[in-house]
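Below are structures written as structure tokens.
In what follows, chain A forms one complex with chain B and a second complex with chain C.
Let's look at the complex of A and B:
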């Protein structure tokens, strides 16, 4: 991961009065899995579409392996896209879909078929060559779209919320599979999603978008453990903010601070909290049983509330009797961080 | 508890009798289709096998194939048949060549808020009477005083005048909206991502047009062509007004139906059969399933 595959500088794009992308700088390293994460309208998809060539930037440049491609049409760029709706050609068989890019580039017929079959095999779809896209399930279409893009051996693969239309279980399977495929082929992936779990699971690095700008760029653990802004803290994971008054009282420092819910421990007897932990008393407002874990919403004297999550390690984890009870929250000071 | 339990609430008549509801819904249109439409077609077909009395001219109801033998063995009639099919194909192709760019512009290039206006503009010719439009074309095609001849004269060319070319031009004008609208609908339904995907995979505009756009709007083109082809095949008034001496199938039918109704019926069966053959061919191509 030392050479830069995509170098984006000062990239801007507006639609009417709306500034969709505002002066974005971004380096995508060779072979990395970079995720553009953000809410809808944050500009992540527009950046992806400008890299693909479907949108022209108002200003700024996009370099692909050192060459400025920002004024080139999509067909002249060595990148391929997996679309949100897959965009498989309905009048072509699965094999013809995968072969399309090679056919356009005038690859000889025998080689074309061989490469397309190999690509389909790599996404575990051998035997489906002659099916029509309409005969496939959502997950299978998704994999055809992936094979159709990868068969061209692009420098970069762009993925526009490709898992959005799948149900949860399939989505989780595809997350693992996508990551494996990326490791195997070694192609740079730029992946757009609004799903923070997806971003944290799959990415080497995450660029968190907000209002057309990159709010933070870093590894999943950097973004999760040390969010740079209150927006990132809230968008990636649950926002758990300590107001200035509480911070002054507990930490002895003013400012807005945040602690992740799973770092906070809940004690019925405040004396059992470990030495050196920051402590805070409150009243349990809500106990939410979520199978693997239990979430507590605890009201603080300042009027704010914090969320704490505990793994359900005991045989009987029904803690609903704690509702309305006074508890003590504690956390290791290493897990608290100030947000701007 | 002395009173009987109140009756359970029930749905309305239509809810309790779904069959009656269906009859109420479809009764009138089915009666129209079966009695008036299919009935008259059946009457036409039946009449085609009868003959007329040579002296009195009255229809004689005896079964004979003579009318069909006449139709298919008389060179003049065969010529009219071939010419009519040729005219219908030419009109369809001309409509297609004109409609595809117009429909593409309407659906994909023009701003969204223009689209209702453009559709209305395509439809405006249908608001005027058929006869008015055909007579307007007669005036324009007139070899002496017509505006087309007037335009072409300085170039040393004569206008098409009255004849097959005049018929093709006029019919193309008349039926063009029937081709533009389905093709426009086809272009509107085409997802943007298909075009993006094609460009993304390396295809330039022409390639995308050939390999993605045309196959995907093919059902719409077929739908339009069914209109333009069958409307052209059955037309005879345009041929009368701007055709000069050129005759189409309909003209032969019109000339015979008073003196020899069974022969006219046999001749009128031909365009019906041609359209059925065309529909069967289209069905085999799979285009109808996507309409």
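Let's look at the complex of A and C:
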């Protein structure tokens, strides 16, 4: 993962008065799974569409393997896209859809049929060659779209929220499957999503977008454990911020600090908290039982509140009687991070 | 929606009266074309196909039919090319004055035929050397374009640009994309538009009157000229009956094509 496949420099794009993408720099390494994560309107999709060639940048460059492609039309770029709505050609069979890219590149008939069948097999759709796209389920269409893109062996595969239309169960299956396929084919994936779980599960690195800029770029654990800004802390995972007053009181330093809910432990008797932990007293406002875990919303004297999550390790985990009770929160100082 | 019994009966009666007013006269035309009598009285005197035979033998009718068919085919063909190009320009590109251009394309179908007719007549006779068969074709093309354009534009809007983006993404240039994706998905809309355009041209009489060169007689013009000649009345009746039957086919085809697409055969 040393060589850079896509080098983006100073990329900007506005629509009317709205600045969609603002001076973005980004290096995508060969063979990596990079996710562009952000809320809608953060510019992640526009960056993807500019890499694909559907949008022209106002300024900045996009290099693909060292060649500036920013002014080339989509059909002259060695990248392929999996669209959010799949965009399968409704008047062609599944096989013809997958063959399309090879056909327009004048690959011989026998070879393209063979490659298309192999691509369909790799997404476990052998036997579906003659179906029409309208006869397939959402998950199957998604895999046809994937095969149609991968069969061209592009340098980069761009995925625009490809799992957005699937139900939760199928989406989780496809996350694993997509990651496996990416490892097998070794193609660079650039994946756009607004779903933080998806980003954390699948990515080698995540670029968190906010207001047209990259707020943070790092591995899933870096982004989750060391959020660089309050925005990242809030968007990836649950926002759990210590305001300046509380920070001064507990940590002895001002500033905005973040602690992830699962790092915080809840004690009825504050004295039991481990030595060396930071401690903070509060009142339980809400106890939410969520099967695998229980969430506590604890009001702090400063008027803020923190969330704490505990695994339900005991057989009887009903802790709702704690509502309204005073508790002590504690966490290892290693898990607190200052955010800007 | 629930409707009372009285309302239902009233609505049924109104519907029946409406259909009766539209279709009974058409049925009488068809029945009368088989009437053996010379005067078209009611009830028919007897069954006969003699007027059909005479109509087919009538040189004026045959010439008018050929003229009308050629005119409608040529006008429709030109409209298909121009209407498709216009719909692509307006749905796939952004340019200055887009809405005005769209309005200007649609306007001829809203303008009274007599206005279009007089305007074209003025231009053709004053500046372009008089009326010919070509000027007649131009006159018909003005309104044929509109139906093709409207059908094509509706289809393109519904199709969206994603499929064309996907094609481009997979390496196809603009012409390949049009040939392999856009055109196949527009085809049924174009056939429907073309059939309607053909139908419009085939029974048009007002613009035709003002733009046809001397001696050119289309079928509707022939009917109009012969309607009040007592000797020709039964033949006119046969021609009218034939037109009714011929007109049903394109309308049926157009309706069937658009309802097939509603069911998702055209665009997912």
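Operating definition for what follows: the second predicted complex is superposed on the first by the 340 of 340 C-alpha atoms of A that agree within 3 Å, B and C clash if a C-alpha of one lies under 4 Å from a C-alpha of the other, contacts with A are read in each partner's own complex, and residues count from 1 in each chain.
We adopt the following convention: contacts are C-beta pairs under 8 Å (C-beta built on N, C-alpha and C of every residue); 3 or more make two chains touch, one makes a residue touch a chain.
If you're wondering where the values come from, they're calculated on a predicted model, not measured in any experiment.
Asks: With both structures lined up on chain A, is it a clash or a fit for chain B and chain C?
Replies: Aligned through their shared chain, the two binders clash on chain A.
Asks: A:186 contacts which: chain B (first), chain C (second), both, neither?
Replies: neither
Asks: Does the superposition put A:276 against chain B (first), chain C (second), both, or neither?
Replies: A:276 contacts neither chain B nor chain C.
Asks: Of the two partner chains, chain B (first) and chain C (second), which one does A:54 touch, if any: first, second, both, or neither?
Replies: both
Asks: In the overlay, answer first, second, both or neither for which of chain B and chain C A:74 touches.
Replies: Both partners, chain B and chain C.
Asks: A:148 contacts which: chain B (first), chain C (second), both, neither?
Replies: Once the two structures are laid over each other on A, A:148 reaches both partners.
Asks: Applying the touch criterion given at the start, work out whether A:89 contacts chain B, chain C, both or neither, answering first, second, both or neither.
Replies: So A:89 meets both chain B and chain C here.
Asks: Check whether A:252 is in contact with chain B, with chain C, with both or with neither, and answer first, second, both or neither.
Replies: Touch status of A:252: no partner.
Asks: Both chain B and chain C contact which residues of chain A?
Replies: 52-54, 73-75, 79-81, 83, 85, 87, 89-91, 100-101, 104-105, 148-149, 152
Asks: Within the complex, which stretch of chain A touches chain C?
Replies: 52-54, 73-75, 79-81, 83, 85, 87-91, 100-101, 104-105, 133-134, 148-149, 152
Asks: Given the complex with chain B, which residues does chain A contribute to the contact?
Replies: 52-54, 73-75, 79-81, 83-85, 87, 89-91, 100-101, 104-105, 148-149, 152
Asks: Which residues, counting only chain C, touch chain A once they are in their complex?
Replies: That would be residues 162-163, 165-173, 176, 180-181, 184-185, 264, 266-268 of chain C.
Asks: Which chain B residues qualify as touching chain A in the complex?
Replies: 191, 193-194, 196-204, 207, 211-212, 215-216, 218
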